[in-house]
Amino acid sequence: MRSVAWKWGGGSVAILVAIVVFIVPFLFIVFTAGKTQAEASFLQFSWPTEWVFFENLATVLQNRDWLLVRAFVNSTLLTVGAVAIMVVLGAMVGYVLQRRKSRWNPLVNSLVLAGLIIPPAVVPTIWVLQGLGLFKTLVGLIAVHVAFGLSFCILLFRAFVATIPRELDEAAIIDGAGPVKLFFRVVFPLLRSVIVTVIVVQAVFVFNDFTYALYFLPGDDNATVQLTTFNYISQSVSSFNLLFADVLLITIPPLIMYIFFQRQIVAGMTSGAVKG
Amino acid sequence: MTTVTAAGRTATGSDATSPPTTRKRKPMKSPYPSWFFIPAGVFYVVLFLIPTIASFYFSLTRWTLFDVEFIGFDNFVRFFQEPQLVTGFVNTFIYAFLTSGAKVVLGLLFGVLLSSQIIGRGFLRATIFFPVLVSTIGVGILFKVLMDPFDGPINQTLAVVGIQGPAWLTDPSIALLSVALVDIWKGVGLATLIYIAGMVAIPQEYFEAAKVDGAGAWNNFRHITLPLLRPATVTVVLLSLIGGLRSFDLIWAMTGGGPGFTSDVLASVIYKQYQAGFFGLSTAGNVVLFVVVAAIIFPLSWWLNRKEADQ
Amino acid sequence: MVPRTTRRSIVALGAGGLALSLALAGCSAGDSESDGGAVELSFLVDNGESTVATAEALADAFHEENPDITITVETRPQGADGDNVVKTRLATGEMADLFQYNSGSLLQALNPDQTLVNIADEAYVDKLDENFIKSVATDDGVYGVPMGQSMAGAMLYNKDIYADLGLEIPESWDEFIANSEAIKEAGVAAPIVQTYGDTWTSQLFVLGDFNNVLAEDPDWAEKYTNNQAKYVDQPAFAGFEHLQAAYDAGLFNEDFASATYADGVSMVATGEGAHYPMLTFAASQLATTNPEAADTVGSFPIPGDDASTFGLTVWMPTYTVFVPQSTEGAKLDAAKQFLEFLTTPEACDIESEANAPQGPFVVEGCSLPDDVPAMVSDLQPYFDDGKTNLALEFLSPIKGPALEQITVAVGSGITSAADGASQYDEDVKKQAQQLGIEGW
C-alpha cells in the first residue's frame, strides 16, 4: 500500500514540480525560436503571433555554408575522442590511487585537486601546442580537454572504486590475472554505472565548452557547436529567434544521448541486483 | 628479483610459520602498478602543469601578451587594492556555500527519489538534467527574461496571487542570490546524476537484510543509504564547492557582476581584468584565487577522505 | 626577450613528453600556399550579422575584379572575448591574413608597431580623412583602412513627441532637462530611456559629452593622457553629474535597470520613450525592428552646460581592416590590394548597401545614398558647420575598462557622481600603468 502511494503520489508531485520548474523555461526557448526576429527581440514569454519555427531552424542550419553541420561533426569527434581517453586514463589512475597506499598518493591527490582548482593558462598552453605542432588541430584540442578533464574523472573513479570489494581483485589475482587483465577485465566492467556517469558529465562539459575551442582551435572550419551561438548575439543587432533555434538544435541531440545513457545507469542497477 | 626473494627467504627462513613469500614480493610486482599513472600524467604535465607554472611567472610581470616586464609583486599589491575586492570575497563565499549546500541536499533528495519506483521516472530524469545541457549563455538570456521585474513570467505569476515580486537581477541586495538560484537550477541535475550512480552502487542485499529485520523507510535511509552514499556526497561536495568558489560564467551571463559591482565575485573581478587586457594582473588574481580555494578545499578533502578511511 | 626564452624552454620540455600524441596528430592545419598565381586570403571579422554580410559582399566584389585572389571570411565573437581572441592570435603569430578590429584606444593595445603591417607609404592612405588616420596611427606608422562609416554619440529622440508638444531641440543641459520635464508632465512617454540590461549602453552620458569637454578645454585629451586632467574635475565631471541629475529627477523609464538595447531603440521608435543617448549605429537595429520609424527617430548632439559648445562627439569607423606582420609574400601583396579596394567608392557603396549607414564616410570620393534614416541625416549640419570633436578614445590611448559598470552604478543611484568619477579616475590610472604610459 505504502509503496503504491509513494509510486503515484511522489511521482505526480515530482512531475508537477518538474513541469513548472523545468518545462516552462524550455517552452520559452521553443516560443522564441518560433518567432520572427522583430518579435523575438522583445524577449517576451508569449505565444508567437506568427510561427516561423521551421524557417528559423532551416536558416540556422544553412547559415554560413552549413557551418552548424560542420560544427556538429567537429563537436562529435571532439567529444567522443576526449571523453574516451579521459575515461580510460582517469579510471586507471583513480583505481590505483584508491587501491594502493603509497607515499606518492598525497602528491597525486594534491595534483588532482589542483587540476580542478586552477584555471587554464591560455597563452602558455598555446605555446606548448605550437611546439608540439598541435595548435589549430582537433587532436590538440582533444589533448587539452583530456588534460583539464582528468582531475574530475580521477576524483569520481577514486570515490567509486572504493565500493568494489577487494576480494574480487584477490580472487582474480589467484586465478593468475596480471595487473592489466585485472583492471580491464575485472574492475573496469564493474565500474559501469560510474563510467556512464563520467561519460555523461564529461561529454556535456566538452560538448558545451566554448572557451577552449575559441582559443585553441580558431577558424571556421574548426568551429564547434557552442561557437555557433555567438553568431546570433551581437552588440548592435541580435537575433534571439535564431539564437534559441540554434540552442534547441544543439541541445536536443545531447538530451537524446542522455536519455539513452541514463537507461544504462538503470541497467547497471538491475544487473547489480541480480548479481547480489 | 631473485636476490630480493633470496633475501626474503633468509630473513624468514628460520620461521616456519611465516606465510609464503608473496607478501615480500608484493611491492615489486603489485597488482596496482604505478605505471597506470603515466599516460594520464603525460597529458596532465604537458598541457596543464607546465603552462600553469609558466603562468605563475607571468603573475610577476606586466604582460600585454606582446611585451613582458618583470615587476615583482606589484600585481599582487594592486590586486589587493581593487576596490571591489572585499565585496568580491564576501560574495564568493556566500555564493559557493549556498549553491553547493543546496546542490548536496537537493541532489540527494532527487537522487533517492529518482532511484525509487515512482511513475514518470525516465521523464523526470531527463527533465532535471536538461538544464545541464543548455549553454550558459542561453541560460543567462533565458533567466534575464523570466526574472524581468515587469513583464517576466515569474513576477507576473506572483502578481496573480497578489505578491509583488522583487527586481530579481537588478536589485543590488538580491541580485547575487537570484543568480545562485539559477546556478542551483542548472547544476542540480549533475549532483542528482552522481547520487543516482551512488545509489546504484549500493548492493541490494543490504536493503533485503534490513527488510528481514523489519526496518522502516526512514531507518533504511538513515542507516544504509546515507552512509553508503558517502563517496557520492564527498564528490558532490568537493565539485560543487570548487565550482562555486571559481564560478563566474553564469554571474557574467546574467548580471555581469552588476548592477554596478554589487554581484561581483573574485572570479568575475579577475575575468574583468583579463578582458581589459591586464594579463599579468589577472594571472596574479588567479594565483590568489587558487590559494584561497586550496586553503578551503585541501583540508576539507583530507578530512572527508579520512572519515572515509575510518569506516 | 623574456617570454621568448620561457617559451623555448617550455617547448623543449613539452616536445619530449607528448611523442605519443604527435604520432596521432596526422593532420595539421593546412597552409593554403599560392599555386599558379592564385592566392587565398583569410579575413577575420566579428560575427555581427552586418559585419559578416559587409565583409562577404566586399570579398565577393573584390574577387570579381581580381579573379586570382579569393578571400574567405572567418568570424570571432564581439566584445571583450573577441578582443582577447585577436590579441592571442596576434601574440602567437596565428592571425588571419586580414582582420577587422577597432581603431583608437583598442588598436593601441595591439602594439601595432610590432604586430601590424605599416601602410603609411601607400598612395591610397592620402584618400583617408585626417581624423581617421589619427585613429589608426602611432608615431611610427599608419595601420588601417575603414570598412564602414563614422558615427556620432548623440541623443536619439522621437520627432512625433517633439512635434506634438511643440518642443525645440535643446542646445544646453538646462533646456534638455526642461524638455524632459515637459514630457514627464504630459505623461506621454518616458523622458529619457536608459537600458542597463546591456551595461555598455550606460556610458553615453559620459562618452558622448566629450565634445563639450573639448570645446571648453581643447587640450583636455592631451592633459588626460599625461595624468594632468581628471574626471573628478570640470569640465569632464559634467558627464557624471548629468547622469546622476537625470536619475535624481526621476526622468528614466521605469524598467531602466533591466531593459536592453533593443528595447531602448524600440521605445524611441514607438514613442514609449522620448530620448535615448546612443551611438548612431542604432540605425541598423532600427532598420531591423522598427523600419517604419526611420523618419521618426531623429538625433541631436548631447547638450552640455553651455549652449555655445553645442556640437557632436564623433566616433571613427569601428570596422577597420588591418594586416598582421605574419602575412608575407604574395599574400601580403594581395592583402594590400584589398586595402586599396576598400578606399574606392565602389567599396563604400557596397558597405552602405549591406548595412544601414550610421554616419558620413571618411574616404574621399565616397558619399551616402539619398535615403539615409533621419537619425543619420540630422547629423549632417553639424559636420558641415565643423561643430564636431572626436571621442576621447581616438585622442588618447587610455580608456578605463570599468566605465560601463561605474556609469550603471551612478545611473541607478547606487553610487554618487563624485564617487563614480573618482572610481573611474582610479580605473584609468590602472589602465595607464598597464600600458606603460609615462607620468603615471
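Every chain is named by a letter (A, B and C) in the order it is written, and numbering of its residues begins at 1.
Just so it is clear, contacts are C-beta pairs under 8 Å (C-beta built on N, C-alpha and C of every residue); 3 or more make two chains touch, one makes a residue touch a chain.
Chain by chain, the UniProt names read as follows: A = Carbohydrate ABC transporter permease; B = Sugar ABC transporter permease; C = Sugar-binding protein MsmE.
What you see is a predicted model; the values in this text were computed from it and never measured.
Between the chain pairs A-C and A-B, more C-beta pairs are in contact across A-B. Among the remaining chains, the Cα-based centre furthest from that of chain B is the centre of C. Chain B and chain C (Sugar-binding protein MsmE), compared by their mean Cα positions, are separated by 39 Å. Here the CA centre of chain A is 37 Å from the CA centre of chain C (Sugar-binding protein MsmE). Averaged Cα coordinates give chain A a centre that lies 15 Å from the centre of chain B.
Along chain C (Sugar-binding protein MsmE), residues 10, 14, 18, 81, 84, 88, 91 each make contact with two or more other chains. Among all residues of chain A, those that touch two or more other chains are 43, 123-124, 127-128, 132, 143, 233.
Residue positions of chain B touching 2 or more other chains: 39, 46, 50-51, 54, 65, 144, 148. The residues of chain A lying in touch with chain C (Sugar-binding protein MsmE) in their complex are 37-38, 41-43, 64, 122-124, 126-128, 130-140, 143, 214-215, 218-220, 230-231, 233-239.
Listing the residues of chain C (Sugar-binding protein MsmE) that touch chain B in their complex gives 2-3, 6, 10, 13-14, 17-18, 20, 80-81, 83-84, 87-88, 90-91, 109-111, 114-115, 196-197, 199, 254-255, 257-258, 401-402, 405-406, 408-409, 412, 414-415, 423, 426, 430-431, 433-436.
Residues 7, 10-12, 14-15, 18, 21-22, 24-25, 27-29, 42, 46-50, 52, 72, 74-79, 81, 84-85, 88-89, 91-92, 94, 198, 200, 260-263, 266, 281-282, 284-285, 288-290 of chain C (Sugar-binding protein MsmE) are the ones touching chain A in the complex. Of all the residues in chain B, the ones that touch chain C (Sugar-binding protein MsmE) in their complex are 39, 42, 45-46, 50-51, 54, 57, 61-62, 64-70, 78, 83, 144, 148-150, 167, 169-170, 172, 256-262, 272, 274-278, 281. By the touch rule above, chain B contacts chain A in their complex via residues 30-34, 36-37, 39-40, 43-44, 46-52, 54-55, 58, 65, 113, 115-138, 141-146, 148, 151-153, 185, 190, 193-194, 196-205, 208, 217, 228, 231-232, 234-235, 238-239, 242, 246, 279, 283, 286, 289-290, 293-294, 297-298, 301, 305, 308.
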